[in-house]
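Across the two complexes that follow, chain A remains constant while its partner is chain B and subsequently chain C.
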Partner chain A sequence: MNGPSNQAIKRLISLHGWSGTVLSIFLYAVVLTGTVSVLRDEIARWSDAERHIVHPFGQPIYATVRRLSDQVPEAFRAQVRVEHARDGSLRVFFYEKRKIPGRGTQDFGRDYLLDPETHSILAARQGVAPHQRVESRAHELSHFIVDLHARLLIPGRLGLYATGVLGVFLLVAVITGILIHRHILRDLFVTERPGGRVVSLRDRHGLASVWSLPFSILLAFTGTFLSFATSLGLPIVAMSAFGGDIDRAFAAVTTPAKVENAAPADLADLDQVMADALRISGTYPRLLTIEDAGRRDARIVTLHRNGGNGAVRSHTLEFDGATGAFLRDRPLVGHEPSVGSATVALMSPLHFGDFSGLASRAVWLALGTVMTISVVSGMQLWLKRREDDPVWRSCRMMFAAVVWGLPVMLSGAAYGFFLSILGHDVHRGTLAGFLVSGFVVLVLSLRAATPVELSRVLRRMFAWSVLMLPVLRLQTGGVSWGEAILNNIWQVLLIDALCLALAVILLVQQRVQDRAAQNALNLAE
Partner chain B sequence: MTEQDNSRVDVFPHLRLIAKWNAHPRRTRWISAGPLGFVMAILSMASLPHGLPVGAGGVDHLVMPVVLFPLLWAVLIVVPVLPERPGGVQAAYIGTILVELVLIVLGCGGSL
Partner chain C sequence: MLALIAIFISFGALAALVQQDPKRARVFRQDARRVWLSSRALWLLCLSPSVILPFVAPFAHWVIWFGAITAGGWGLAYLRPGVLHRIRSALVQCEARMLQWRG
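This part shows the complex of A and B:
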């Protein structure tokens, strides 16, 4: 079979370069933060290890839900959502479907935030769907990084569209990369030629890209799906197949049909349901919903995280709401297991790599790092080939500022987070740290004479800032290594060790490069 | 155009349009890979629910177009770059868009 012609290869190389170049800065931001996000749970535990984090579903919840149910208007009692909230607290939302002028059908009800250990009320509010934001020490830093990855900090659907488009451009770069690489297997074992020449960069880019190829396809595909599924896909399908009724479309996809039985019945023991769910799936659920509480046809559904009892996908367990009997492992979408439901269920675990604990996430972290190198080396190659062009030469400075500036800004966000722990507003503190360090990067970029000098300054700055992060964590009330070992908070040791290792590698690498440059200068003299 | 092309155009007059597009391959590639590819990918997502099998769970026709959308869009960007004369690809894109529009109109008519 003939491959593409030489002319077609030239056009493909052009498309490959442009698809990576035009949005390369944002693509790099998404890939780098995505790689860091793999450790989001560990970062959350590391950043606030002092607080005793209790799983809210580790305590009995049945009595609490009944107590709160007696306090809400009768109309809100039928539908209940019990959730492990992002700030670590227990969220209980009693609601009904209500038409809101100009906003369609919304979940309207009363929302409670409870202490995860004592179940005492932290906050309560009545309104449309739960939007309460409680200052979250434990998850703020990791959520900031995840938000940057998933939405580039752009609010609403626009952020999802932006990352979705980036995902498509990454897919285009991967497809064209496959078509133009005629020796993929050979490139798996190529070694980088020395000298920092065009061929050296081509070797580096080819090596990183070929090794991360299946992973790039997987992440770009699943990531684009996660960005577009609810922001673009569902509204379009709803418009086409349900006359624009998004609620009906969502219900058709996620809510299985059941035999109606409106006879009154008490709600089953939620603690028993929780114990059964834990036994079946091996994990606590992240969400428990009660549908049509108080009726004979009530259903209790527990939605679990990916992995658990050897499964890649998440479990969605369905129980009889009146008897508490386990009914089935419900597919994530649809009434019965099918090609569509299995494909959708695989999207999240394959993107986040959280289906097999730390082992799978370590693989995702390593391949994400290779993918980041692929994006950076691709851009370096593109710029190297055009270094005679004054326009592209000026882009080298911008690229150097982003490549090392973004890690500095992420580190700055962590500094902002730790410094604001003392002042309690960690959300603003984290954002302020990110923006202030961005401003510093901007000033340094404007003052730097060459891209090489800027890279050198920013790399050193990043290395030292990361080196000092564990110290700052300790100084702002974080647990010591001794306490971490005694209390089995291994996440503290892991992230601290990663910070120290990263800093040492970067500083040693910088020192070696400085010496080589000095030797070359001496020889020249 | 070659003599052989001229004789084909006489038999199939619409080939004249494709030949016109082929005369400006760069512009044709940009239009096909850009706006036409995007519109076709969106319309595929909107029209496939009316054509795909429902599946055992009753949702395959709704979720598979959404799942395939990113891949389809990326492929539609790449395809016009491959042939030397991209007029045929543009014609195929426009033809598919028209078929998809018909599917959507028929599907919406049936569901209303």
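This part shows the complex of A and C:
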């Protein structure tokens, strides 16, 4: 079989290199933070283990929803959305569809944020889809990392566009990588040759890229889909077929038609529905919606984002709103089961890796690490091949600053979080920690003589800062290991152990490298 | 549990493949290793759970197995030849020093 010609391979190598190089720094940031955010729930528990975190749907909700329903205007009672809010609280939103001039159909109503355990009201607001949130110490740090991964801290849709484009670039790099690598199977077990030569870096990059290939494609594709689906895809559909009305377009795609029956009927017992949903899917839902409450044709729909019962796909379960009887597993997209809908249902669980508890997360963490190594080694290889060029030499310094600077900044965000716990504004504290450590990295980068020296300093700084994180956590009121064992808060032990292991590995590695460099110097002398 | 067994089987096969890979041996100037099973048989053993698991376990187990052998395969291949031997020697040295220190 004839492969691509030499000329074609040269072009592909160029495309592969440039697609990775142009946005490599941002790609690295997205891949690294994505790897860390696999453990977002564990980080949330670790960062504020004192507070008893309860799943909002772990408590009965029926009485609460009825109580709140009596407090809202009658017009808002028909449509209800009960949600596990991002800040860990229980969100109950009573609304109606309203035509807003220039904005199409919007959800207008009253939004309540409730304590997940006691269901006492934390915040309430009335308006057009009010996305209010309460400050939650437990979720601040993990949300910061997830925001950095999903939006690069860019607000609004622009952030999603940016990460979507990065996903496309990663896909291009992966596909061109397959085409230019002629000996994928033959090089499958060839590890990095010693000496820090071009061939060593090529081995390192090739090994990590080939082994992570299936998951690079999977994560790049699902990530691009998640970034673009609601920020770009749906608005385009809405503009082309629904006069720009995104809400109507969404409803048309996801809500099937039903036989109308406006006869009055009481709402089914939500707690019974929740128990049935838990039995069928194996997980608590992320969202429960009630459509046309108070009518005979009411529907209750529960959205379960991550697997459960050994399944990988998300579930959307539909119940009769008047009797509470289970009706069907509703397709996520479209009105009838289809390959497209089944594929969409796989996107979130496969991207987040949270479909099978700690086992799937551990595997996703390992895969993310290999992908990070692949991105970094690819860039190192690109720069090594161009080290004679002064422009690319300056890029080496920048790249060294980012590769070790970003972990330092993430660790700085954790420091900011813990130090601001006592002052209460953890949101600003986390961001301040991130920015201050970024400034420190910038100063160190400007003062460093060579990229190697900068990498060395930043690596050591990161190792020590991570080593001290468990100490800082304890000093700012965190639970001790003894308390964690007694109260079965294994997340504290896990993240502390990961911090210590990471620090020890980096420090030992640095010591070995320093010794090797010293020996080489002695030999030369 | 089934996924764990599958991962162990695949890891074992991968470790043997790493051990007897001819290009790896050539690159690191190693002597020819004893061949336990042919590469084809080892690959068959390594990938056999991909066919068996979907019939005996939920799909999530298959995905976990696939992810684990992908990341683990990289880990096995990443270790340079002789690293395990060096780690063992270092541990033996450590033990000897501790015994010496105890007197």
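By our rule, the second predicted complex is superposed on the first by the 519 of 525 C-alpha atoms of A that agree within 3 Å, B and C clash if a C-alpha of one lies under 4 Å from a C-alpha of the other, contacts with A are read in each partner's own complex, and residues count from 1 in each chain.
Rule of thumb we're sticking to: contacts are C-beta pairs under 8 Å (C-beta built on N, C-alpha and C of every residue); 3 or more make two chains touch, one makes a residue touch a chain.
No experiment lies behind these values; they were computed from the predicted model shown.
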Have a look at chain B and chain C on chain A after the superposition and call it: clash or fit.
fit
Is A:Leu171 touching anything from chain B or chain C once the two structures are fitted on A? First, second, both or neither.
first
Give one of first, second, both or neither to describe whether A:Thr191 is in contact with chain B, with chain C, with both, or with none.
second
Where does A:Pro214 make contact in the superposed view: on chain B (first), on chain C (second), on both, or on neither?
second
Using C-alpha centres in the superposed arrangement, which angle lies between chain B and chain C as seen from chain A, in steps of 10 degrees?
90
Considering only touches as defined above, state whether A:Ser360 meets chain B (first), chain C (second), both or neither.
second
Going by the touch definition up top, name the partner, chain B or chain C, that contacts more of chain A.
B
According to the stated criteria, A:Pro331 is in contact with first (chain B), second (chain C), both, or neither; which is it?
first
For A:Leu278, using the defined touch cut-off, is the partner it touches chain B, chain C, both, or neither? Pick first, second, both or neither.
neither
For A:Leu419, select first, second, both or neither according to whether it touches chain B, chain C, the two together, or no partner.
neither
Nearest CA pair across chain B and chain C in the overlay: distance in Å?
21
Over in the complex, which chain B residues touch chain A? Could you list them?
29, 33, 42, 45-47, 49-50, 55-67, 69-71, 73-75, 77-78, 81-84, 104, 107-108, 111-112
Interface with chain B, chain A side, in the complex: residues 4-5, 7-8, 11-12, 15, 19, 164, 167-168, 171-172, 175-176, 179, 220-221, 224-225, 228-229, 232-234, 236-237, 239-243, 249, 252-253, 331, 333-341, 343-344, 347
Quick one: in the complex, what on chain A touches chain C?
186-194, 207-208, 211-212, 214-215, 307, 309-312, 350, 353, 355-356, 359-360, 363-364, 366-367, 369-370
Per the touch rule, the chain C residues reaching chain A in their complex are 3, 17-18, 21, 23-24, 27-28, 57-61, 63-64, 66-68, 70-75, 77-80
